[in-house]
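Worksheet: one structure, shown below.
For reference, chains read A, B, C, D and E in written order, and residue numbers begin at 1 within each chain.
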């Protein structure tokens, strides 16, 4: 699991709670828990998202988004090593021997690629099927990012609406001055929730999903090129050389030094 | 009918009303009904839209937008099946036999396509007529989206103007302190309306229209390719294969498993 | 004249005045008339526009913008009919016979096109001269739109400056509490003016100018293609067919049904 | 000198001062002069600009920007006439005779072009040297525009910071109610300065620089084409014809009528 | 070290402190030091950045960003001279003689280029390795810029959250009116911090990183072209001529006059 995203959220929440405790004591924290405000901000944001995106997709894509964000990706270097290993197996024992490897592969995309390879799909078919899969993943991620960003835009607006509701109700009845402060405090909490939801959750997660999507599709493209290279009977060294362009110089250098270290 | 859009709007409204009732009782809801405020926000937003878009088009395109947003679309898979079925009929009984199918087809675009096919329009003519139709639908949607988005930008501005009107009128006469609260409350309601109209209605519907437009033109392109393929005498299997690229992998997989299930 | 733009502005103004009258009586309307505020918003917006755009151009282009926005355009269908009619004349009586038509043509661009045709300009020259004219119109519109949009951005800023001026002057002298309300009311009016000018006038008119510019250049391109087609001696049916691509399907259908109605 | 930019700024300042005098008398103007506020807005904006742009460049480019904005450009028509005149001289007396003209030419770019021409630089070298010069001017303008726009974004933020400083200092000491008003007034002035600097100075001048940059590079391109045409020995009529594409139709028409007027 | 960036930040800070001292005396400065507010703004901004960007990268890339921003770059002219000098050495003593120069070269990219040259890498390999390095640097800069800009967007939002926390806590307990002022002052400081962090630090540094990235990649491209030119055995004059396109006209002119001065 990628630790940064949940760690960042928890750290942000912790800092805000700390600041509340320093300013208002532990009892101050209670002042920031307000169920109707949460209903307005979280519920309203979800409602506006449903108006915009189809029902099933919102939940399905949120799931994909979560997995993409929290799931730790493999690295290009590890995958290059794996493709080279597969190429060695294919060289020695033939393409069919790769079928035994499928069970060890957790990555669905890679497992499917090997299966297609073993089934004897030709290079063009392999490439067109897998490229469509990659394009599909990219589009799902892009819609997921769109959902998160539209939630990040709408959340502060619902926060503001909640504050306006609170203010209007409070202003109707100003006879008891002692209640004005509490009324305004409650009203402002909804704005606080909206800004928090947008800036600590929705918008940065949308940004992370975009970054992850790029990394994930790069990995998948690397696998695709590796599988096609193996199919065409390239020897392991050539497979490695072809896939090197997917590594950053830093990754390449480490890879080389380790190789020489092994010798 | 696509349930998500109206459901989302109703859910959002319900949540806001609930929050008002919790905060101010049922009588609090009355405080949020203010006819002049509605006049300013809804009327002013429509007025500014009329300044920007031609009169007839605003209403016509709003109708198209509504239909596009609320009407439930067919799925690519269903349409592929339908095209395959048509291809079988054309194979067995000739192109003219498709004329009997026109009556069953509710989709105007598809009905027109079949009619053109039966009338013996050549491939190039068919393609140019239908592509122009698709382009036209796309443009109408794009203007509809522009109208909804410009309404979403203008609505909060008119909400603010209404609040300024309320504040100015209230500030002119501060002698009776008891009326200040009610005056300010009434003023703030207009901002509330503006933010609500923009964020729960106009902006998400504009976004939905854009999503729908993409799906609808994709479906129409699928039909166009199917009709052209049928016209060129392709056998049903080839028609299906050609149209498969319009299916996402998930749809394709299900389609295959059901096929094998049928056997 | 295109009724929507002035009608929308009047409707928007009427709604706001209505809301003021409902809230504060007819005397309330007087509270919203404040000459210094108007000076700041309208004058300041024009001043900032002069800093940005050359003196002569602002007024010249504003004139063009107004004409483009308020002037009712011909429709593609009418122009296609006209080009077909011209083609018939040219067929029967020769190109020179078109010279008599120039007097009836109010559209300057079309009149110039015909004159060039009659003068015997060759196809390439005709096309290059008229395309440059179209490009020039497009650029003038684009600068006009830029002026309107920059006014729409600057107007609320000057409204805010006016409000700050009012607040600062009021806050200097808080001894007489009864004057505070009036002072603040007056200050807020300038913000009201700025938001109104931007959202009911400048921004929607900028949007309309862009829409109009597209329609007008489309019409001019239709005329250009028609004139070139006539010059090359095409018969009226071919001229009509060539120009049909400028019609939307709806316009084309009506055109066809009317044709058959005439027979 | 181009009168519109300084005239617009002065007019805007005058309007604001007028509005202050109407509202608060001449003594009111004094309330708007606050040295610490100016320090924060002007100084802070410059400081943030230094963080972003290299030291020497900010001042150098500001100078270029000023010159570009305030300096009145020649018009395409005048330059076409000049190139035609040069072509006549070159025709009659040879290219070397143009050397006498260099002294009369104030435009550095044109003087350099003629010098290169007289020095016998070949067409390709001429074009590559001058095009690089044009590109260089364009880039300097683009950075100048970036500086002005980033100042326009930062100025209101420093205005807000100044207001927050004023409010915090005022709120620390609320014992003397009579000082509250003056404290708030002073605080708000900084926001006023920030909005003014951005909307009357920085942003419109950035926009003007962009407009000017386009006009200036167009003029330089016209000169480049003219010089290349003269070098290749074109006769004056052909030079004029080649350069006509740089004139707008309005300019071309006037040019033609004056020509015929001369005959 | 590039003086402008830290100088600008210090100048901005100094101006703000000056303004505080003028308005509230030295004791006023103390009112602006508030640890919980700093925790919320700086900590919250970092937390949100961690949600968006992977843990290791944020710190690694921040380091790269700092180095890029504060490190003074060489100039194109100096590097052209260096490449010419290398070309002379290579001409006289052969490519291998350049190996002695590597020790003097501090720039890692250039040292690597020379090493590759000395090692006998062929032109195509040299170019592909070095271009990938340049692309990699560009991407790291682009992510660094993204981090700084997202911090600049998030900082004011956390400032606002801190202010809301302060206001809510203060409003809960309005019994002691004397504490209201101090409470509000403290609340507003967090907004002040957020706006300051964004506008004096994050956003301008993001802009500077983008400018620097352009300059640095230009220098690297110049070196790459120089090394390739040296490898192909070009004589020093040709190397200089080829690299001149990387100099602005101003740099070129100075370069020429100095050359003639040397003779």
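Criterion: contacts are C-beta pairs under 8 Å (C-beta built on N, C-alpha and C of every residue); 3 or more make two chains touch, one makes a residue touch a chain.
Note that the structure is a prediction, hence the values are computed from the model and not measured.
Shared contact partners of chain A and chain E: not a single chain qualifies. With angles rounded to a multiple of 5, the C-alpha fit of chain A against chain B returns 70 degrees of rotation.
Between the Cα centres of chain C and chain D there is a gap of 28 Å.
As a whole-number value, the distance joining the C-alpha centres of chain C and chain E reads 46 Å.
Shown for chain A are the residues in touch with two or more other chains, of which there are none. Under the stated contact rule, the graph of chain-to-chain touches is a ring, a single cycle where every chain has exactly two partners.
Order of chains round the ring, counted from chain D and going first to chain E: D, E, A, B, C.
In the complex of the two chains, the chain D residues touching chain C come out as 2-5, 7-9, 11-12, 15-16, 18-20, 22-24, 28, 31-32, 178, 180-182, 184-185, 188-189, 191-192, 195-196, 198-201, 203-205, 207-208, 211, 245, 248-249. Every residue of chain C that touches chain D in the complex is listed here, in rising order: 36-37, 39-40, 43-44, 46-55, 58, 132-133, 136, 150, 154, 157-158, 160-162, 164-169, 171-174, 186.
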